[in-house]
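As written, the chain order gives the labels A, B and C, with residue 1 at the start of each chain.
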Amino acid sequence: MPVLRAALRRLTIFVGTVLVASLVIFLIIQALPGDVAQVTLGVGASPDDVDALRQKWGLDRPLIIRYFEWLGGMLHGDFGASYLKGQPVVSQITPRLAVTLWIVGLSIPLSLLVAIPMGLFSAMMRRRWSGALINALSHVGLAMPVFFLGVLLTMVFAVHLGWFPANRYVPITKSVSQWASRMVLPVMTLVLVQGCFLARYVRAGFIDVLGEDYYRTARASGWTKWRGLVRHGMRNMATSLVTVVGLQISSLLVGAVLIEEVFVLPGLGSLLIDAVGSRDLVVVQGVVMLLVFAVLLINFLVDLAYLWIDPRLRRGAA
Amino acid sequence: MSLLDVKDLSVSFGRHRTRVLDHACLSLEPGQRLGFVGASGSGKTVLASAIMGLLPENAHVEGSIVFQGQELTALTDRVFSAIRGRNLSMVFQEPMTALDPTMKVGRQAAELIGLHRETSTMATRQRVEQIFDRVGLDHASRIADAYPHELSGGQRQRVVIAMALMNNPAMVICDEPTTALDATVQAKVLSLLDEELAGVNAACLFISHDLGLVSRICTDVAVIHAGKIVERGSAAQVFMNPQHPYTAGLVATASIDAVEPGTRLPVIEDFFDPRQEQ
Amino acid sequence: MKKLTLVIGLIGSGLVVLAALVSLVWTPFDPSKVSGIRYGSLTWPHILGTDALGMDTASRLMVGAQTTLLVGILAVAIAALIGVPLGVFVGMGHKTLGEILARGSDILYALPALLLAILLASALGSSVTTASIAIGIATIPVFQRMARASTLTVMSQDYILAAQVSGTPTSVIALRHVLPNIAPLLGVQAAASFSMAILAEAGLAYLGLSAPKTVPTWGRMLRDANFLTQPMQAVIPGIAIVIAVMGFNLLGDGVRDYLDPRLQEVR
């Protein structure tokens, strides 16, 4: 089974990189200047008190032991407890992660839904003014900062038209309709920006297909321009798009912090920024590890997706 | 009435209207085979693409192409698509890239049936395997389930030929179908084409740069140079008694056997100075 | 069409550079001086109004262009100076180094610049330098990959083989044959990365992770604006960001089309 072997090889690489990444993150966090015990107790605290606190938190033990404790804990879903609040990190992360995952999870498929027709149209019509217009539009979208678009949409839809509320987040568990009305603008913002970004790759991919011999074969077989391009272009275009979408998801997991700031949503990114601000390093470490893990996991899934999309890779040669 | 009637066909490209085909005229009777010979860049492939209606969008076409009584240049994409692959089909030069790399060849071949007729999946599959078998693909069923990259160049070209013959077309355009193949495979594919075209009594426009190759499967020959058709007639006539100096050059370079040992091999420029045409 | 891209790109990027250069010697008002008019509307002499503290928006916008360009230049310089040599080395055939770098750059490529910026800012405090370094590091893989790919193309040319056979040292081949050949492509990449860096900096500034509060930046101006009462104060810096990002992006596209005329004809 060459497919299985190729998949296993990628799995090994994935696990290896996760381990290396966890070590690097741990070391970087340890190397951050500023002693957390000192910061917690304030500048005026006596050295004895600081030492006592360090001992209490186990900060006086060797690095390597602390690393393995942290790693082992995470395997059981235990990310440690916040220095400041004493709460387990997991209980802080979980509700925040849900918010971010909703935003990312909704906006990625929706932006593909925008990008694929947009790219298909502007590729096929690239010599006409209509295609050029769509292309120009995607250029503007590409240059648009999400936080600016977010502010613009809020001004129009929340302030001026009053269609959607602009105030605090409501969890989906409390009220589905209230939650939904608060998700519309943030998700719409991301979909517009990401959609324009992805549309450029979709367009380039389809333009490549238009010049391919197999597209000419499909046309000679009796496919019309558009249907032939969809039928024989989609999979081939997707090979170049999968990587971009993967990168897009990873950058959005953190990048969503901008949208969370604009719309005052309690997501993972804002947790990270708050934790950095208050030097709550256990939280920082946990969130960063989670994000990096997610990024590597996405990379791994992208690799697997290639095995499915491109039959040439299944031989396990790659 | 002829099967295909091309009158005063001119094709130019781009904003500067660079003309690559200049008032070309030719006609084909049902079952007739016309070899279309010229150097690379002479406009052969453009003519083929123009007949198939597959020119790039920046091409300007003037003149008329009548196929089975229909003016092709006036057709919408949808109507034309119904003719392509059914009455009029094409075999391409490059078998390595002519097939969609992400789709099994059997499914690609089956599309030719699905696009033009309503049949059951079973019947379609049977027809695909039958025609794969006919073009000399052993283990037709296994080949049908293979991806293009799993096949050799010769096998792929046979698949392409099978696809072109799928709906018993009235006319097949072959654009240098053997150029990209090994010499041994070339001969086999050529005789296969010869047989199969005869089998369905399809007319053929056979495009090549090789006059010798063309004369082996075509009854008639047209010679194109710099976008203009400079000579046409029966293969024997063109070979024995070329009228145009360019054709004379082609014939001389194609008949290397006739060269006295020790003398210099002929080149086209011995017969024809391209500058005098300008 | 192709010319239009270049012209719009030149105008957009030219405006930003001009604003930054002029602001070095002259601005309508002192950008950090608080005038009597708070929440000023768009009237003379404050043509773009004043912010909540009464500072002149036009002047702050011009000074903000400096930060924008500075971060862009620093980030692209860091990315190119590290990424290009690595890419060229790997492209010229350092096998093991290549494998390690490929893995490393895969991880780095997938790591969002924002995450790096947050970590760096927490270690060193937020400043123009940390923002530039974070964006620069995150951009290294882009240059490394580009340089590697184009080096591989150059290395497959016959004249390189000729040079190798005649005993030309590798370093000479790299400097005399490879670099000049890949330079135009890298230039185009630099323009594209520059515009992405501007966008990233704006985001960092919006989060307060770029220049300190005393320095005007477009991202922070947008954040500090109260868009309920003074929508224009949010819209103006926003448009400035769009113009800058689009300008440099189109400039890169335009130059690429100009350098590679084949792209125009074929498709």
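Quick note on the criterion: a residue touches a chain if its C-beta (ideal position, glycine included) is under 8 Å from a C-beta of that chain, and two chains touch if they have at least 3 such contacts.
Bear in mind that the values here come from a model prediction, so they are computed numbers and not experimental data.
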item: Chain C and chain B - chains in contact with each; value: A
item: Farthest chain relative to chain C (centres taken as mean CA coordinates); value: B
item: Among all chain pairs, the one with the most C-beta contacts; value: A-C
item: Rounded Å distance, chain A centre to chain B centre (Cα mean); value: 51
item: Interchain centroid distance [CA atoms averaged], chain A/chain C, Å; value: 22
item: Sites on chain A at which at least two other chains make contact; value: none
item: Residues on chain B engaged by chain A in the complex (per definition of touch); value: 52, 54, 57-58, 77-78, 81-86, 89-90, 92, 94, 97-103, 108, 111-112, 115-116, 147, 149, 160, 163-164
item: Complex interface listing, chain A residues touching chain C; value: 13, 17, 21, 28, 31-33, 126, 132, 139-140, 142-148, 151-152, 154-155, 159, 207, 210-211, 246-247, 250-251, 253-255, 257-258, 261, 269, 272-273, 276-277, 279, 284, 288, 291-292, 295-296, 298-299
item: In the complex, chain A residues that touch chain B; value: 127, 212-214, 216-225, 231-232, 235-236, 239, 309-312
item: Parts of chain C lying in touch with chain A, wherever the complex brings them together; value: 1, 103, 106-107, 109-115, 118-119, 121-123, 195, 199, 202-203, 206-207, 219, 222-223, 227-228, 231, 234-235, 238, 241-243, 245-246, 249-250, 266-267
